[in-house]
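Think of it as A, B, C and D in the order they're written, each chain with its own count starting at 1.
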Amino acid sequence: MALEYPYFLINFKTATETIGEEGLALARTIERVRDETGCRFVVAPQLTDLRLVAERTALPVVAQAATLAENAVMGEPTYEAVAAAGADGVFINHPQNEATFADVARAVDRCADRGLESIVCVNSREQGRAALTFDPDCLLFERPDDIASESGMVRTHPERIAAFVDMVDAENPHTRVFVGGGIRTAADVEQAFACGVDAAGAASAALEAPDRAAWLESITRGVVDASEETRG
Amino acid sequence: MALEYPYFLINFKTATETIGEEGLALARTIERVRDETGCRFVVAPQLTDLRLVAERTALPVVAQAATLAENAVMGEPTYEAVAAAGADGVFINHPQNEATFADVARAVDRCADRGLESIVCVNSREQGRAALTFDPDCLLFERPDDIASESGMVRTHPERIAAFVDMVDAENPHTRVFVGGGIRTAADVEQAFACGVDAAGAASAALEAPDRAAWLESITRGVVDASEETRG
Amino acid sequence: MALEYPYFLINFKTATETIGEEGLALARTIERVRDETGCRFVVAPQLTDLRLVAERTALPVVAQAATLAENAVMGEPTYEAVAAAGADGVFINHPQNEATFADVARAVDRCADRGLESIVCVNSREQGRAALTFDPDCLLFERPDDIASESGMVRTHPERIAAFVDMVDAENPHTRVFVGGGIRTAADVEQAFACGVDAAGAASAALEAPDRAAWLESITRGVVDASEETRG
Amino acid sequence: MALEYPYFLINFKTATETIGEEGLALARTIERVRDETGCRFVVAPQLTDLRLVAERTALPVVAQAATLAENAVMGEPTYEAVAAAGADGVFINHPQNEATFADVARAVDRCADRGLESIVCVNSREQGRAALTFDPDCLLFERPDDIASESGMVRTHPERIAAFVDMVDAENPHTRVFVGGGIRTAADVEQAFACGVDAAGAASAALEAPDRAAWLESITRGVVDASEETRG
């Protein structure tokens, strides 16, 4: 396991305003809020900036995606390449870059071999149960429709998140649960951690905030509180 | 046009032995041979190492691939991202990462907008004629079967390369011609430039050479000679 | 050339209400309107119904897509398979099933070899010029955004269609021009043919019409009129 | 459950020699051997021939692939379309047409809704366990490398097939096990059923046999014998 929990992850996605120096500036803002508040933050920079952010900040970094070396075509970063660039973990099967069924199992194994935290994305409890048979480090529970939405599951169906956490605790208690999709406010973050998750994250809410530092500070309380209790 | 011709391009592809520090070491070897011989070299490092190689060497760098921002899914570097990381050019429609027909036209335009050399890969004279209607900076003429082969077109059918150059000269004389696929020796390089191309490149031959510096030195003569004459 | 021009094509797409017997019933309605009006109609049924419609009606049929045999994976119908099932033509590079740049050239050749009308879809005059270098039987000029839209190019920019027709006439006069995307009314059809096209088509407008036979009859005048004049 | 077990499935794949009338002739040969021997055969014709084979023979038919309606692009047959054409079952995630992780769960549910036998392909016991959480009707255990091989798992590692059957019996006893990949002779078929599988299949061995009827007859004994015993 390469990441410490709990944490709040900021995903830079492929937005033009998170590229290169702008992405580094965002990462430094996040680092400063972390230092001031003690809230653990993790970032998922653009792949061409992975090393930049890993070298110039002390934040853990997650690769947005990686390709199995045996499948990699020209220009696709492999698990080995993102590890060498400083990644601590990798998103596998993200709803915005889905993996084949066969590759998910291989990717979890590859992460274990390369010292990377495997974060497998699933969209339902049913898919989560299947993914647990691969023994990933972490499951990211997110519905594609919640991405960049104002009505994510954390607001509309928090009981589903709690039920997901219970299912994981029952089936494979050392797998962590991360929730994403539609987390926009401090209340959302508190609600997510109140459901028992080990990590939460956001992309659009952080990127679109008029004052990013203020937004980041506003959400830290939900994360910090959660870190005081231990799950399982 | 962001690249100076003629040049010889070394493509790092997705090989494990060209990742990170090993890729940088290879780039430095190439830079040293360039400094010693005056032969113009260009490199195509792995995307996660683009900035590393661009910042720590004086070599021009070409991105192995890039994705149009409007199509980019999580973890796919856009044209804007590779430009910010230091790329001078981009391979479009490489046989090992093909583009849709509609995207090739858009990608050439995007390169023009972002100051990137557009290098469109084609596998036949017919496809080359079609690509010329998009007015790319350079056409890479390469047959998929020639990649990593001992019997590339430069050995078996140099007249096809010459005919391709003639076609480009007739249709769109300011588009450059790059030839790849199965170039393994100094004689291959000389033959390629004797056919009238503006650039040539290799991947497996360079990576597999027992003494890479020696291999690089051995091929420079073909490139240097060519640079003394001007095409068109 | 396997299809007679002019014609109006009804595309069944993948809608549930055009599957099997329902698709055949729609085809028979189209056939009846054809017999009553003399307007030439062509249909693009679902691939699993290609033979059904080809055998049980006298309408020419176009395959919505086909795969090059050398690329075909399990369950993908090849050009040979759609020809055997009765197809007279094939859509290549449809905006809802795009082809790679390299495959477009091969697909046009494959159609020629198999006696199939090659209908290459392009979204711009620039892409049209490139496609003409492959010498297709027909170019379908359609913008993805116009599909199922109320504001297709035929309404908003008919001059672009006319300019496209002029470009094709100048470059490759024996290639036919087909226009689609947002054609919903008799006036749209008349406008399209007034721009000089050889064929037009619709999907959603035909499928959503409360009375399909009435809708079909309403549009025939625009097509019939066009057939009385000859292009070029 | 739409298929009766045990059975032996002949997969027509995308071979030119199994298209249309030739495919129907092969299906009729299979039907005749079935009638003569009592051995239950199932066929997986090309998708454009699904209805032809379903209507003109009494053989159960399996669709080589199908697409979820919500994902289907032009020319892709949906589960609804293959059901209407007469399919009794569908291969999901075949190694030659892999599905995303999220789609496998949805596809199993779709089959249940449409009365189709869901046959989920997996390449390992680990992947099999994950697939069982979706409660499919049948798991096809096949390694991609065994396809068209002379050294399939049934010859080299029959104990892995037996262990797979045991795992399925322990986890979800009403899911059936189908084995494929490298089954070429009567001895291979006997060996497969001796490992406890409910179904087996072949493609290249049947298609390449100099006398297909003789080959089919030769393998029936292994299947018939197995049907006399009951699993579980």
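One rule holds for everything that comes next: a residue touches a chain if its C-beta (ideal position, glycine included) is under 8 Å from a C-beta of that chain, and two chains touch if they have at least 3 such contacts.
Here's who's who by UniProt: A, B, C, D = Triosephosphate isomerase.
Owing to the predicted nature of the structure, the values given are computational and were not obtained by experimental measurement.
Chemist: Let me check something: if the centre of a chain is the mean of its CA atoms, which chain is farthest from chain A?
Modeler: C
Chemist: Whole-Å distance, chain B centre to chain C centre, using C-alpha means?
Modeler: Centres of chain B and chain C (C-alpha means) sit 39 Å apart.
Chemist: Measuring from the mean C-alpha position of chain C to the mean C-alpha position of chain D, what distance in angstrom results?
Modeler: Centres of chain C and chain D (C-alpha means) sit 36 Å apart.
Chemist: Roughly how far is chain A from chain C, going centre to centre by Cα mean, in whole Å?
Modeler: 45
Chemist: Touching at least two other chains at once: which residues of chain B meet that condition?
Modeler: none
Chemist: Quick check of your reading of the touch definition: is the inter-chain graph here a line, ring, star, complete or other?
Modeler: Graph shape, chains as nodes and touching pairs as edges: a ring.
Chemist: Quick one: which chain pairs are touching?
Modeler: So the chains that touch one another pair up as A-B, A-D, B-C, C-D.
Chemist: Quick check on the complex: what are the chain A residues that touch chain D?
Modeler: Listed in rising order, the residues of chain A that touch chain D are 93, 95, 98-102, 104-105, 122-124, 126-127, 129-131, 133-134.
Chemist: Where on chain B is chain A touching in the complex?
Modeler: Those residues of chain B that touch chain A are 11, 13-14, 16, 19-21, 46-52, 63-67, 69, 72-78, 80-82, 84-85, 91, 94, 96-97.
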